[in-house]
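Two complexes, one shared chain (chain A), two partners (chain B, chain C).
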Partner chain A sequence: MKQTHAPQPQGTTGAATGAGIRRFSSPRARRSMLHVVERLLVYGVLTFFAFLFLLPLISMLDTAFKPRALVYSFPPTWFSGDVTLDNFRFGWNALPFDRFLLNTLFVTSVSVCGTVLSSSLVGFGFARYHARGAGLLFMVMLATLMIPPTTTLIPRFVLFAKLGWINSYLPLLDPTFFGMPFFIFLFRQFFRSIPRDYFDAAEIDGCSPFGLYWRIALPMARPALVTSALFATIGAWNDFLDPLIFLSTMDKFTLQVGLATFNGAYYSQLHLLMPMALVGIVPVLVVVVVGQRWILSGLMRQVEK
Partner chain B sequence: MRTPAPETTRKQPGRLSRAAQRDQRRFYLFILPWLIGFVLFQAGPMLFAIGISFTDWLLVDTPVWRGLAHYRTMRSDAAFHAALRNTLYYSAASVPLAIALSLGLALLLNRRWAGMSVFRTIFFVPSLVSGVAVVLVWGWLFNPRYGAVNGLLGSLGLPQPGWLSDPRWAMPTIILLGVWSVGGIVVVYLAGLQNVPTELYDAARIDGAGRWQMLRAITLPMVSPVTFFLMVMVTIGSLQVFAPVYVLTEGGPRNATLTLPLYIYQNAFRFQKYGYAAALTVVLIVIALALTLLQLALARRWVYYTGWSGR
Partner chain C sequence: MNRRLGRRDHASVAVVLLLLLTMLAGCASPFGGDEEERITLRLGTQMTAAELESFEQGLAKIREEHPEWDIQLEQTPQEGFVEKFNAQIASNTLPDIIQVGIPHAQQGIRQGVLLDLTELIEDAGFDPTDFWPGALEGYEKDGRLYGIPLSASPNVLFYNKTIFDAENVDYPTDDWTFEDLRTAAIALTHDRNGNTPNDPGFDPDNVVQWGLNAAPAHLYSRAYFIPFGGDPCRNPACDEMSFSAPEVLEAMSWWVDLVANNHAAPYDPYSGNQTGVPGDPFVAGLAAMGFSGYFLVGQLNASGTIVYDIVQPPAGPTGVRATEFSVHGFGIAKNTKHPEAAFELLRILTSAEFTSEYWAKPGHGVPAAKSGAQAVLNPRFQPDNEQAIIDAMAYGSAFKPFVEGALESWLATVDIFISVFKGETPLAEGMAEADRIIAETMVRANSGP
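Coming up: the complex of A and B.
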């Protein structure tokens, strides 16, 4: 980061001292000096906060591959170069983590499909058709964004318990096929930006309403599809409370529940925790960094509300 | 025969043209999945929760009507008082902190200088990495003996609190975890800042306005709708703190981090008191609703709406 403002400082240091002030006393020169000071300040503050924001991840990376003895050394050493996979290997085998990983991949992929398909379908309805009550229903749908999921936890548990669905993935997967408000909104916004002529022309050619959605709207909505698939992936991967209450045996656990269980069993063995945390974070990190452009455009759309 | 233009048909309340009727049918067909989901997983359960809150129920037996008994119990339940206090404490501290920090960072980032997108990425990424793994990282970071935070504080000669094991510091530590993920808000703010028409600043500059004046008179009012939207969403989020306190502290030390969601969870799934847990849920719904309505009511005072909009 330092490189970005490297060319200027030579002049600045002179300007900042008393002797330099006279040299830069013309208004134009003073302004340019102010610019340099501003630059230094802004980059300085941003670098400070960037350090704070990165510290947890750096600390995790550092600890995850440390030999046990170094984890507990005092004063702490950073990136000693002494790298081991022992802690990772022990943790991975202490609980069936390969099972957790497979379960999570399954739950994530099915719920992403469900979310994207159902939300785009509903979003298309909101974008394309006029109907009595459509505006009101749209407002209701947006309002449901403000219902904390915790508030429906107990009744949902009762419902799924009565259906005999506890310790299956149905309580996690089923709701994703009924459209998620955030994604419905995203798709609706996107579909509305497609010129109506496309749909009208297809309709005249005898295209069915579902055909309009499936053959015209959806293929044109690639950016919205990618954005929502990324968000849904991250959401499903990180979900903790629902899997925690709906899954009860180890062979069904997702990674998040597995990690909590691991922490419960080994919380006093600190050197084992960071390697396993790494397993939970790195996949999301990869998705986020690779798909950042799409995720950002999705978030930006919120402002247009 | 009526004209098929939707404008005219909508004005006639009695009947719709055939095309409009067809559209109406198709509309409801398309949004049917959401309607069903809304009734089944949101509206229904919320009403159901209110119903369960008047009963004692172990799920396998028939519910026993208890009237308002659970709500009366709350009045003398010290743990509930702690949970309520902690939840409101978390909201009151984290919402202003998150909003102020993210607006500040967005203002700094809103420049066409080299490296800004790198900073944006650095702030943004933590907001999407959540879940238990992050919670574990937090616990390690703030570990009183071996953690990086106390390591840094120690090397600076500053006092090193016990963080999660100290009743006074435990909640601030959890709040910091929430603040760590403000990056999403930063990004939304950035978009909001970029929507402010530059002519406003040009005009102000001609009138001789300084930086500070432009911030107060142009930027803040122009992004106030974004601020309002974010405040409502962040407040709702702040009522749902669960994973960190479940994994790291189990509500301790001495109930210092017991939040309402955690207390609901404990009552339902540890003590099998579904009725009481449902009553606590109703309290949570009321709090969420009250805070949202309060913000809506206050919005008129400070949220500035102009004619500008994306489309």
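Coming up: the complex of A and C.
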């Protein structure tokens, strides 16, 4: 089709209508211009919100490397250029952070294994096997997501105290081996997306129900596994309330409980809290950055389903 | 058709079992005593990292001197203490000795989970009169003692020397009256045009420097009224309060005048509504003076940005002074298996020797044992006039009320107080409403199951 120029607006003739004006007055040019403006607006808004969300992290970084006097100065100074590692040194030595990190690593590793294994097994059951009342059971299981964890805190404490499990990691780890509702839901949805033919073929070849789960379902559910593992890692690493309640001695503390020790009723030792919080988020940040591709593909599978 | 599990299946099951065993191995409970002859004492604390550092040094010495005790330190961060304390009460697993502030000590007494120490004190020949009476009263009920205070932190008047110098105003002294305080507060308050409240054209909506950061805009403000002869507590237990009694209204009117008419103090000192900074504007250098506890010394010295000193709270028209303090102490769980050993450890932890050596650091708190309080006099640190803190301990009292329903009453009435100080509600009307709510809340809280 032949390219045509848009008609010149009335009253604009000759030299008054330059090439530039003609260019922007054509419908295609206007659309292109609008597109550019739209993109600029979208990116502008996204950048603004990205900055807003990053602000606490930036503030943490700034505070962690600032000399102690500047941490508490008013008005606050941002990136004064005065950089020190003293806060890291003092913070690390103020409390046994090496122990806290190891404890957190242990709790996180075991609870992630427990969560992923048990939730995938239960999710597989809900996805592949039909029994009377299974739907109701699934609904009840989902409904437990609505119960705020704080309401069950004291009953759980009483229960675990009677079992003699207080100040051990059992109250933190044991429940993860019995399936977590959110992850069960995630796995059930994922397993339902796997064509039934795979399982039928395996059954014909003599595969047991556990074999179906272990040999067929799990290897195909890698995105869901990684997504669940990442969410479980973030949850376990950042958990504060349960370790606070169930652990009592410093040698058992996790990172989050240790960090809270820098907060007093009347004032916080921000110059120590921020560098140690920074140390604490690095491992989980690495895990998230490495695994974000899997999170996205895992979640997209759920959305597509 | 089912198939027998293969080698890989077995290996997988073995891995899962191994994980479980590893987990169990790391979860050995510390409560089982290894050596039967040693007495295991669980010591629950709620300290900051800085407090723990010195406290643990002292604890190490006690462990050395008492090898017969296996002292297990159970530390809870302060921001999670309430949840832990309630869970431990519900499950009957309170530590043998537990660090509690007055509100939680009183909760423990009401719920019957703290041991009555009266007989143990008498048997041990322990002298409670060596403790500041204001700190001790928070651990008493009906003449019985349920805990011993470790430290207290009285409110005194902090002042920013730099601001006083810049405004050419004389520093406060221990002889100040509240009228001296008002005069200085007005002279030190500035709007953004540099006008003081005495100048024509002063803009109260744009104050950039406050003379005083204080206003008794809530229930826990007895010390602000007592110097004027108006105590809102109607009895020693303070389970009845009246803010609409004539003498309390008169006392309060002095403060309303300072805030709403002189504009020399903000109506809600810590909200940041008027000052633009969260927390204490004195710390931010936006207020020339402020009432605060000894804990502020630690914070100010850590930042090192404010040159300051302290004086005692000013005297009222008849020379009466008052201050309140937050207190920390130790109680013993009623279900302890070793009451005598627990009491002996408690006695050591609260003794003048222990607290003066391991507790009287800048900002931790003043030892509640009188004979240990001098340890806070440390010429190496600001403030110079630390004696003001010790002097204030003598007439200080615990924050009251600490009866059931007090915190609820505080929450339910705080908006009324602020409304009065903002000048939106007439004083008498607001306080009558506050009294009605307080009475209702306290009755409801105390008539529950």
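We adopt the following convention: the second predicted complex is superposed on the first by the 238 of 305 C-alpha atoms of A that agree within 3 Å, B and C clash if a C-alpha of one lies under 4 Å from a C-alpha of the other, contacts with A are read in each partner's own complex, and residues count from 1 in each chain.
The definition used in the following text is that contacts are C-beta pairs under 8 Å (C-beta built on N, C-alpha and C of every residue); 3 or more make two chains touch, one makes a residue touch a chain.
Given the structure is predicted, the values throughout are model-derived calculations rather than measurements.
Partners chain B and chain C, once the complexes are superposed on chain A, run into each other and clash.
When the two structures are aligned on the shared chain, A:W214 is found in touch with chain C, with no touch to chain B. In the superposition on chain A, A:S80 makes contact with neither chain B nor chain C. By the touch criterion defined above, A:L272 reaches chain C but does not reach chain B. Once chain A of one complex is fitted onto chain A of the other, the partner contacts of A:N167 are limited to chain C, with no touch recorded for chain B. Judged by the number of chain A residues each one touches, B leads among chain B and chain C.
In the superposition on chain A, A:I245 makes contact with both chain B and chain C.
Shared-chain residue A:L153: touches chain B and chain C both. Of all the stretches 44-52, 116-124, 332-340 or 440-448 given for chain C, the clashing one with respect to chain B is 440-448.
When the two complexes are superposed on chain A, the residues of chain A that touch both chain B and chain C are 71-72, 74, 153-154, 157-158, 161-162, 177, 209, 240-241, 244-245, 257, 260, 263.
Within the complex, the chain A residues that touch chain B are 1, 4, 39, 42-43, 45-46, 49-50, 53-60, 63, 71-72, 74-76, 118, 121-122, 124-126, 128-132, 134, 137, 140-141, 144-159, 161-162, 175, 177-179, 181, 184, 193, 209, 213, 234, 237-241, 244-245, 256-257, 259-260, 263, 270, 273-274, 276-281, 284-285, 288-289, 292, 295-296, 299-300, 302-305.
Interface residues of chain C, counted against chain A in their complex, comprise 1-6, 8-9, 12, 16, 19-20, 22-24, 26-31, 42, 44, 47-53, 72-80, 83-84, 86-88, 90-93, 95, 277, 283-286, 293, 295-296, 298-299, 302-305, 326. In the complex of the two chains, the chain B residues touching chain A come out as 6, 10, 16, 20, 23-24, 26-31, 33-38, 40-42, 44-46, 48-49, 52, 59, 105, 108-109, 111, 113-115, 118-119, 121-126, 128-134, 136-141, 143, 145-149, 151, 154-155, 180, 183-184, 187-188, 191-192, 195, 226, 229, 232-233, 236, 239-240, 242-243, 246-247, 260-261, 264-265, 268-269, 274, 277-278, 281, 284-285, 288, 292, 309-311.
Residue ranges on chain A touching chain C, taken from their complex, read 68-69, 71-74, 94-95, 106, 110, 113-114, 117, 153-154, 157-158, 161-162, 164-170, 173, 177, 203-211, 214-215, 240-241, 244-245, 248-250, 253, 257, 260-267, 269, 271-272.
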